[in-house]
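Encoded as structure tokens, here's the structure I'll be asking about.
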């Protein structure tokens, strides 16, 4: 017993109304489904469904029980990780904003210029140009740690875009309540957020590195001796990529956890990376002392990587200092993160 | 009936430094719908956090659905559906995915979670709108989505913090009906914190009233209501004359504007009132036995605790 | 004083001070304000430590002309033999009428004469070790052919800021590295930290963190409704909020520069106890930073009003300004493109201040680059000299005020243009703010 | 507690002269569209004096109405006058307005006194005047004892009262309260309702919006009903109901023998229908509610039946809103 009714018109009593008065409820059960949930957005052309029911209930609501079993902790954590990482490529997961997705796509393509160049000149057979672009120690280092443009324009900005709203948005939207009112503890929450950002950075940096390396092997038909020669180098660079992603992620997430907005962590990360780097550069230029580079996250990691990969050192101080600095910076950032995540509220007050 | 208890606590105390947020609460909440009341800052949020096992209690014990709140927070939270007071939705996601994700966070398989998400969104009245982004939702739809998030894993206990906050008459009705159905039809328990006494009255049979971290009252609403019987009438025209005449005829009259409450002394009271109205020429628009509403109850209990409407330091005391 | 004046003043006092005061108190209650300021102070003082360390480390003296070496092994350094007229390359020929000098005496023995430098114009150098005078022919003694033996011609153009050095052979050829390096190091530190650290980094990061949300944050949080429901124009709200922002940033910049001026003034190399001339440079740095933070603040605040993600616009703008900073600093003030930026005009203020307070700066740089005139001729026939320590950083961080006018005029013009930019930013900002629908 | 709304300590420039015969708030065929969506269409209202409740569902246009009135947004068409002046891009009329925004966010770091003093100074008061005025309004909302505490420490009810106090500091002629009762407990609710009633009694024009209809019923009978951007009704709520003649009014009588009582009532001219909704009740339908009620007591008494309850099930705001909007709850 229902009919379509335009909402703007004045209410017309239904012919069936007197019948409904026969039941025990004095007020008619004239009901409108759409009206109950009419949103603020589409109003003009929406129509309402009018259903008449003697009990005064809106429509037949039946509670449907569910008797399944709930998966253990690691599945819950996997859900968080999947939510964030898959959000980059598909709908229905965390909605990353379009500029972020586009920028990551751009960086992935741009990061593979070295692979493309090596491929191109390898195919042409121009050995001089191939030697410039092909896999070697310096190019491997340069793929991960090169300053311009990779570590000034690409990787830190991806990190900044990723960490921007990672934790602060949960604070602002109140979605932190959704995590903590479910059987998810704070450690898992922070660890999975960390892994998500780290993993995306890892895919971008190390994924393209691997493409670069394996393209060279496959297409150039490198022999086993070459592979045995270069594989340790590749692994060292791979490790460097991990250290770099880890460091950017931990600093960025620490900043994200202290703020409410999306922009403070992003600007903060860029300010820390660029600010320390330029300070150290000024001091290096003025007084010829490179030791201040230990406070610059990029340079500290770069220095450690130079030692690991075995390229020429561009810093004067011992690399162990930089290693200590990397450890201390990550430790501080993780401490801040842990501290702040433990104070996230369930109810927003 | 011990098996009937959903939440029980003995001497539950939580102190933040010198500030005692919960002061040795002995609470028993039975199967069914229960209202959690209290002035702003009475310790309701702290209590909810405690029973979710999210904060360490200072002393005392508590059990939720048979699990210890000190050690078994995870098990408790798996059996509870929590609907937070404020927005707790990602505005960029579709309602359906939001609800599915909340199920996955409980530990449901993605495919089952999606199926259940459809079911529970249907249940809370979101039809085709479930594919739309949360940011385009009205307050009522957001509240419904939050409820769907809480219901997805079919919890034994639903904790709803201010479920009707900010809703208009229609959506509020629907929300309350849904909660009612969940209790009556689904056989689940609901613990509902609210300031709107009418809403609590419509959904709940029992209440727990907190004040300054202490338990002010708990029990069935019926039992708690005052039994002082009065007849309330709404008078149009000649109200003053009516009041005077009624008093002259030996009735106790309290008046506020056109509303009067008259002491009930047997069935002849009604007659006397109507007679008076006929004599004076007033219209009696409404006449009914006055039952103390929960709001009155609240105010009475507060008054007994030494609080007056408009007394500011008491209001601050709760903060 | 008329009563009309009274009302204008008292009205202004009531509304403007209320909002400005309120804004300042709001900043004080935010942790982020203190975090940003604290981080800048820590960063700058960390750099200061390196400066103090450098000022207290002796620069290794270098024997630029190589005359402390005893080529023939007769016990007499070459310089002494040269002066006494014996053959430094023959072990038999040595001045036995004097005791042999220790080699240290022939290091840094012919220094640049500072006081004359300050006078500018044509400088006649002094041949302190006499190796020029002891040369035989007049053409050998007068290499630059100006008719005067053993001198240096320095052509200074204060407006263009060019210095040319044309020296006779053996004059001032072994300068004191310690003396020069300390002075140049001190100056380049002030300029480096001043231009890049304070005027640019501080001048852009303080507004980025503090001013971008000045109106926008109030709009997103909804608290702007309290202010906009009052009988006060939105343009005024913007102006007074900016005043409050300046009330926090300007004292901070001034205080920081004052402390830095004190520390560097006492630490730096000087004849007296304090380097008074530096105060002027610090004042121009502080002034430039203040003006720049005013303009950036107004612009960023405007970005915040235009779009809820105004920070993105601000970052893009900041990237442009970063590029312009490098152009302005590294080109030494020759590029015209910097006029299309904010920071370029800020740098002009600093450079004008430097030109007023350190009029000898360009001579100092050129002399340092010349370094005594030792070097090799490259394949183009030009001399590439071995420069003295500190000369190249000083060159990198020094600039010319440009504009083809004197430094005072440049200072005034740059200030006026920055003010104009700030006023325009405010004007456009308030037009947008006025027409903005606040939800 | 009597309010002290004297001009004591006021800035001289703040004196206003009431304009005769001009409505305080006037909307003339005002529309506001956001893209495709009509938030307000063709609203014409003139309001002055007393407490007026603005009712409507979520998204009915209440907030848009207030925002337009406060010059926050620009009308797409039509004219708005506040004391005869257009409020868009013109803050002048706000010296006579007090606005309580809906937003929960406040400056938590300020004390109540500081907050009100600061914003009083935006009305052009000096520091001293402002603090005298602030103390006065805080006393009016009974917060004078806690005015040196930070707002962040206040409960929701107290925060709402601080907001109300801040709106009263310039002794406004028009007070606009957007959802002042939201999130308050019954204690605070009752207090705030009393404050609003007092303001109305003092002759100010007060506009209150709320979702919760019976709360508005307790404050005022003068209402404006907005629905989907249109004004559906305006005036006294009972009068509005009377005007809805196409819906027969209903009177429900509780009695032991409804059929007996019906015999007595059926003769009355005004009755259009009788029904027995349950064994102990009689439902009368009429198109003349006032007349009916006038005669009813006598008829009942004469019939000798005992009536234990009289109710007009559809004469409340909820029913009015229901009838007007064509919806039902």
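As written, the chains take the letters A, B, C and D, and residue 1 is the first residue of each chain.
One rule holds in what follows: contacts are C-beta pairs under 8 Å (C-beta built on N, C-alpha and C of every residue); 3 or more make two chains touch, one makes a residue touch a chain.
Computed from a prediction, not measured in an experiment: that's the story for all the values here.
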Would you mind checking the shortest number of contact hops between chain B and chain C? 2
Which chain has its C-alpha centre closest to the mean of all protein C-alpha atoms shown? A
Comparing the two chain pairs, does A-B have more C-beta contacts than A-C, or is it the other way round? A-B
Measuring between Cα centroids, what's the chain most distant from chain D? C
Here the gap between chain A and chain D, centre to centre from mean Cα coordinates and rounded to Å, is 48
Using mean CA coordinates as chain centres, what's the gap between chain A and chain B in Å? 40
Taking each chain's centre as its mean C-alpha position, how far apart are chain B and chain D in Å? 25
Multi-chain contacts only, two chains or more: what residues does chain D have there? 57-59, 327
Please output the residue numbers of chain A that touch at least 2 other chains, ranges allowed. 32, 35, 38-41
Interfacial residue positions of chain D with respect to chain C in the complex: 13, 67, 70-74, 89, 91-95, 97, 99, 101-107, 109-110, 118-119, 121-127, 130, 166-167
So, in the complex, the side of chain A touching chain B is made of residues 32-33, 35-41, 57-59, 61-68, 70-73, 75-76, 79-80, 82-83, 91-95, 97, 169, 173-175, 177-185, 346-349
Enumerate the contact residues on chain B facing chain A in the complex. 45, 48-49, 52, 54, 73-75, 77-78, 80, 82, 84-94, 97, 100-102, 104-110, 112, 116, 119, 123, 125-127, 129, 136-138, 140-141, 144, 149, 153-154, 161, 170-171, 173-174, 177-178, 181-182, 185-188
Could you please specify the touching residues of chain D with respect to chain B in the complex? 1, 56-60, 142-146, 149, 153-158, 182-191, 194, 211-214, 254, 290, 293-294, 296-298, 300-301, 306-312, 315, 318, 321, 327, 329
If you look only at chain B, which of its residues touch chain D in the complex? 38-41, 138-140, 162, 165-173, 195-198, 233, 236-237, 267, 270-271, 274-278, 281-289, 295, 298-299, 302, 307, 309-313, 315-316, 318-319
